[in-house]
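Note that chain A is present in both complexes that follow, paired respectively with chain B and with chain C.
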Partner chain A sequence: MATKEIQQSKQEIATTPKKPNRREKIPHENRHRITKRKMREWMYGYIFLAPWIIGVMIFFVVSMFKSLYWSFYNVEVFNGVNTYPLAHWYDNYVSVFTLETDLPTTLGSFTISLILQLPIIIAFSLIIAMLLNSKIRCRSLFRMIFFLPVIIATGPVMSMLTAQGVGTVPMMSDGSLSSLLGGLPAFLSEPITELFNSLILILWNSGIQILIFLSGLQKVSTTMYEASKIDGANGWETFWKITLPIVKPIILLNSVYTVVALATSGDNEIIELIYAATYTTPWTKGYEYGMAFNWIYTAIIAVILVFVFLLLKEKSDKNVKYEKRLVRLR
Partner chain B sequence: MKIRDIPKEARKDYLKKVFFGSNDRRGVIMTFVVYLLLITIAFIYLYPVLYMFSRSLMDKKDLLDASAKWIPSTITVSNYTSAIATMDYWNSLLKNLAIALSSTICQVFVCSWVGYGFARYNFPGKFLWMGILILSFLLPPQTTAVPNFLLFNNDIPLFFKNVLGMDMTIIDGTIKPFVITAILGQGLKSCLCILIFYNFHRQVPQSLIEASEIDGAGHIKAYFQIAVPLSMAAIVVVTLFSFVWYWNEVDIVRTYLGSSNTRNTGLTTLMLELNKFEDSYNAVYATHAQSTTSTNKLNDAIKMAGTMLSIAPLMVMYFFLQKQFVESVDKAGITGE
Partner chain C sequence: MAIKGNKVNPTKFDKSQIGFYVWLLPLAVLMGAPIVYIVCHAFKPMDELFAFPPKFFVTNPSGINFTNLFQQAAGSTVPFSRYVFNSLVVTAAVLILSVLISTMAAFALSKMRFRLKGAMMEINNLALMFVATAVVIPRYLTISFTGILDTWLAHILPLIAMPVCLFLIKQFMDQVPDSLLEAAQLEGANAFTIYLKIILPMVKPAIATGCILTFQQVWNNTETSNLFVSTESMRTLAFYMNTLSGVGSVQGQGIAAAAALIMFVPNLLLFIISQSAVMNTMAHSGLK
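Entry: the complex of A and B
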């Protein structure tokens, strides 16, 4: 409403013949009303955001800078926090690599398993979401079962179950898989057996992804599928030409979500290392060490996220760009 | 239609249509594959729960017996009674409900409020705040864990003492830290909830809210009377998610309750109790464990019974809410455009 009024008044300004007096052309009251309205909108915007802004300032922004700052100092917590300068500003970061001797291998295996798991989770959840979205019998029953992981797949329940060996597929553990993979070289067969061993866990971790895909698929209008059917496309072609392009931005969203969820879930080995380094007594390593470790880890996650983003982002269409430029020129 | 009635030349085409399908309908083979896939995956999802349930009913003989893998020979309810005693179940359940419900209610209300603010209004600095919101979602939470822990333990009490002259402890085994963080939009995965509400409110047509403004409703009245009833689908999804997240969280709950807190002195959650199940079992059955070492030792069946009990409230809730939940997922715009 407000923008429309502004546009109208702008048009009036443009069409008025007397240029020097154009400020006087708009009635004074009217101008005043527009700015007041705008001010009210700004004010209400901040009223609605206020609780979150206070919270995010106290518990996120300040804490983040504190943690970054402390990671360059020697920190002692006694009657408040005291910081002492280090010999070199980067000493904490160096000591992470010297004290944590197996860190490179742990980080490497973590990154590889993340990169292996990501496409599997995305593909599985897309397939499941498409199955749940298609015409099947007992759809609500299947949906109820398939959303079950969202309810119980987190926390100590899962670690209890993995300790029991429920995480592996029962058919896989009795050697039939290893005989199948016998012909492959070791560097290939080992990750694959690993993958099959944690297949249930991977599937169990993809509850939210299925949800996101499903609600995305439900927005695709059926007319598009009907049109393609009339044009004689089969299911395979429909998937590649209609479903996938529409779902592509959701794949990006889901990949980012999956990376973040896997990287920040409490049961990954690096987070366990960080917790152990930060909280175990005696404080040989201390808070500052844990924070330096954390920032190294955060940097790695950021690199992976940027990589995923560049891989999956929408390629900018040349025609669209050209048209946008034309519009701007006009 | 019987195959005999079809002329010989067309039979091949007909069979092809039945097995491989046509453009309008799936063939038999495809249907078979689809249902096979669905049932296999459903089995994979149900397998741990079924395993847990059947194990929890077994006695010691069945646990060792390889032939009784699924169906226990005798149904042993005593596993459940000893698990209930170990976890102090009913007491812990009530305390856990207090934590989960209070934080969920605060979280849902605040996230809806903030998400509406993001979606409805344009104001200077919106881009910056949106960036901070997304950053707070992407950054691992343990980055800010230590400063926040110190904030609760030292800084806020010091502030209250020096500036306001009040004695104020935040971490004392009550729901205080949970409610404070939830009200300030910093609860468990609050940023995700805010984003869900943001996406949902963005799709609500502006004309509806403008119409209410013309009718004389203020901004806040428009939120409560129009935006909230319209966003019921998103509210259901976020409520269920938040409840589940608060129920299953261990590390943050432990930090918020304090290290010296026990279930006798303050609040507790079932997941915390489950985490120290072995220790509390030995404490409860200490005398038995020493005198008759073999009969009363902790076994897997009792552990599984404990696990089963700690997720039972979630399962019950899901069973009752699943219809609304599945329908809400259809409506709630989790993904945006």
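Entry: the complex of A and C
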């Protein structure tokens, strides 16, 4: 279909030489108007997207495809990069699982702790954001206090702080918790203990999420709250019927951000493994091994994100387009 | 309605506010701890830095760490101001360019129709998940291929594309009602006018959040100085601060504490500035 059109348009160009630029894009005379409009519409899209596409192509897509390509070869980094074919194209991927014997357990505990941390971070930051969005004194000061730890949390200061045991909740860290969790299997109880041990650290890291929720809550019109108050709704009902539906797309956004931030942060043990495999020279396992490992990890994060999407995606304009529809009805 | 009269802070103290304070104050103490710690730590003299058990607060504040830091800086071959200048130029350039590019791309991806739109969004999602440290060698090859090694561009260009920033802004733009854009179109506004006059003001909170995120990453970034730049005078402040704290184990600790505070202050300033930008665009969706 498309090639036919191109041929046709080429013929047209050959026969009618005037305004060749225009003719190239418009194959059928009878669809002239629509196509032109479409082209214009598309053109704007491409114009707005162009700087981003160029940047991403040069600095991201090229590097990514190179790493994907290398993960299927035997790579030697010496005076540039030389590639040699493997016995099987998937050999690097197999060796990730054979050489890293405790990988399945590490990945499992990472996934479980991610699943446990996610709702805590989301719930905590939503509550804090709602508190900070209410009418109280010194709001800006409070906002600053709640956001700033995230800046420090990325630096070396945090490691000093955790070394002092500031990150743990003192009452929960000892016997009472372990006796409570005694009945659970080890693969579940370990991440939970870990979770309580780093609870404060988790809260310190949720500054961005609070900020994202806050900017989402800013959009909720105060008139809607007033109307619900007049109709006799209490705070609890207001939260479930107004705040939550409006904030729902932001919950999805925040969950995606949280998963990505947790999964790609430098102090994650799997990232450390990947980093060690990729940059410890001389390569004991090979540079290509690190590449393969990284692609496996990316695939796992992708699967987790797909689950998050499925769980939180907008259900056909029942709740989320609520606000939009309200506006249109007027 | 009267948006101007919609004051951010209530003028009077009300009894209903007590409930909020009961929750907020203890949490604020918890969350404020690292800020207090970072300030205290920078002013601790040597004996308190290495005291055991470690102290949270400083008892005899002194500026000795800062004096050490500046002495160290004065002794280096490249003046301290050069690093600050480099950092400022790089951060400002990345911030402006990345906000511009992200908002434009987000506008296109969120509100426009064109071919390959879905594929573009998927590329961004992939970029979001991909671990950046793994593509260092291919990225180095790309950068050396384009010939920008050892220039400011080597600092700026790799950092401009912030997938998280684009995702955030795009998600917020999805909530801008289409009818608003239609109305503007009927009034004769073209895509650029809509972008400047409607889209940008409406996603201001998201832009401010994106700015803070980007700033934090760029300002604290040592990777580009490490990998793509070999001339000492082209490196950034974050890199220099990192090397300083590695110098001499005993003095290095104090210098690192002081350096951490110095690196932290610009973050604080930017947050205060952008915070007012976020919070003063009070709830109005633009439609009445």
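FYI, the second predicted complex is superposed on the first by the 237 of 330 C-alpha atoms of A that agree within 3 Å, B and C clash if a C-alpha of one lies under 4 Å from a C-alpha of the other, contacts with A are read in each partner's own complex, and residues count from 1 in each chain.
Keep in mind that, in the parts below, a contact is a pair of C-beta atoms (placed from the backbone, for glycine too) under 8 Å apart; a residue touches a chain by one contact, two chains touch by 3 or more.
It should be emphasised that the depicted structure is a prediction, and the values quoted were computed from it without experimental measurement.
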| item | value |
| --- | --- |
| Superposed partners chain B and chain C on chain A - clash or fit | clash |
| Contacts of A:215 with chain B and chain C, given as first, second, both or neither | both |
| Partner chain in contact with A:229 - chain B first, chain C second, else both or neither | first |
| Partner chain(s) touched by A:42 [first = chain B, second = chain C, both, neither] | both |
| Chain A residues contacted in one complex by chain B, in the other by chain C | 41-42, 44-49, 51-53, 55-56, 58-64, 66-67, 70, 77, 81, 128, 131, 134, 136, 140, 142-152, 154-157, 160-161, 164, 166, 200, 203-204, 211-212, 214-216, 218-219, 249-250, 253, 256, 260, 263-264, 266, 271, 274-275, 278, 287, 290-291, 294, 297-298, 301-302, 305 |
| Chain A partner contacts - residues on chain B that touch it in the complex | 23-24, 34-35, 37-38, 41-42, 44-49, 51-52, 55, 110, 113-114, 116-118, 120-124, 126, 129, 132-133, 136-148, 150-151, 154-155, 158, 181, 183-186, 190, 194, 210, 219, 223, 241, 244-245, 247-251, 271, 274-275, 300, 303-304, 307, 310-311, 314-315, 318, 322-323, 325-326, 329-330, 332-337 |
| For the chain C and chain A complex, residues of the former touching the latter | 1, 6, 8-10, 13, 17, 20-21, 23-24, 27-28, 30-35, 37-38, 41, 54, 56, 100-102, 104-105, 107-109, 112-115, 117, 120, 123-139, 141-143, 146, 157-158, 160-161, 164, 166-168, 171-172, 174-175, 177, 179, 191, 195, 205-206, 208-209, 212-213, 216, 220, 245, 256-257, 260, 263-264, 267-268, 271-272, 275-276, 278-279, 281-285, 287 |
| List of chain A residues in touch with chain B within their complex | 1, 40-42, 44-49, 51-56, 58-64, 66-67, 70, 77, 80-81, 127-128, 131, 134, 136, 140, 142-152, 154-157, 160-161, 164, 166, 169, 199-200, 203-204, 211-212, 214-216, 218-219, 229, 232-234, 249-250, 253, 256, 260, 263-264, 266, 271, 274-275, 278, 287, 290-291, 294-295, 297-298, 301-302, 305 |
| Touching residues (chain side chain A, partner chain C) in the complex | 41-42, 44-49, 51-53, 55-56, 58-64, 66-67, 70, 77, 81, 128, 131-132, 134-140, 142-158, 160-161, 163-164, 166, 200, 203-204, 208, 211-212, 214-216, 218-223, 249-250, 252-253, 256-257, 260, 263-264, 266, 271, 274-275, 278-279, 287, 290-291, 294, 297-298, 301-302, 305, 323-324, 327-328 |
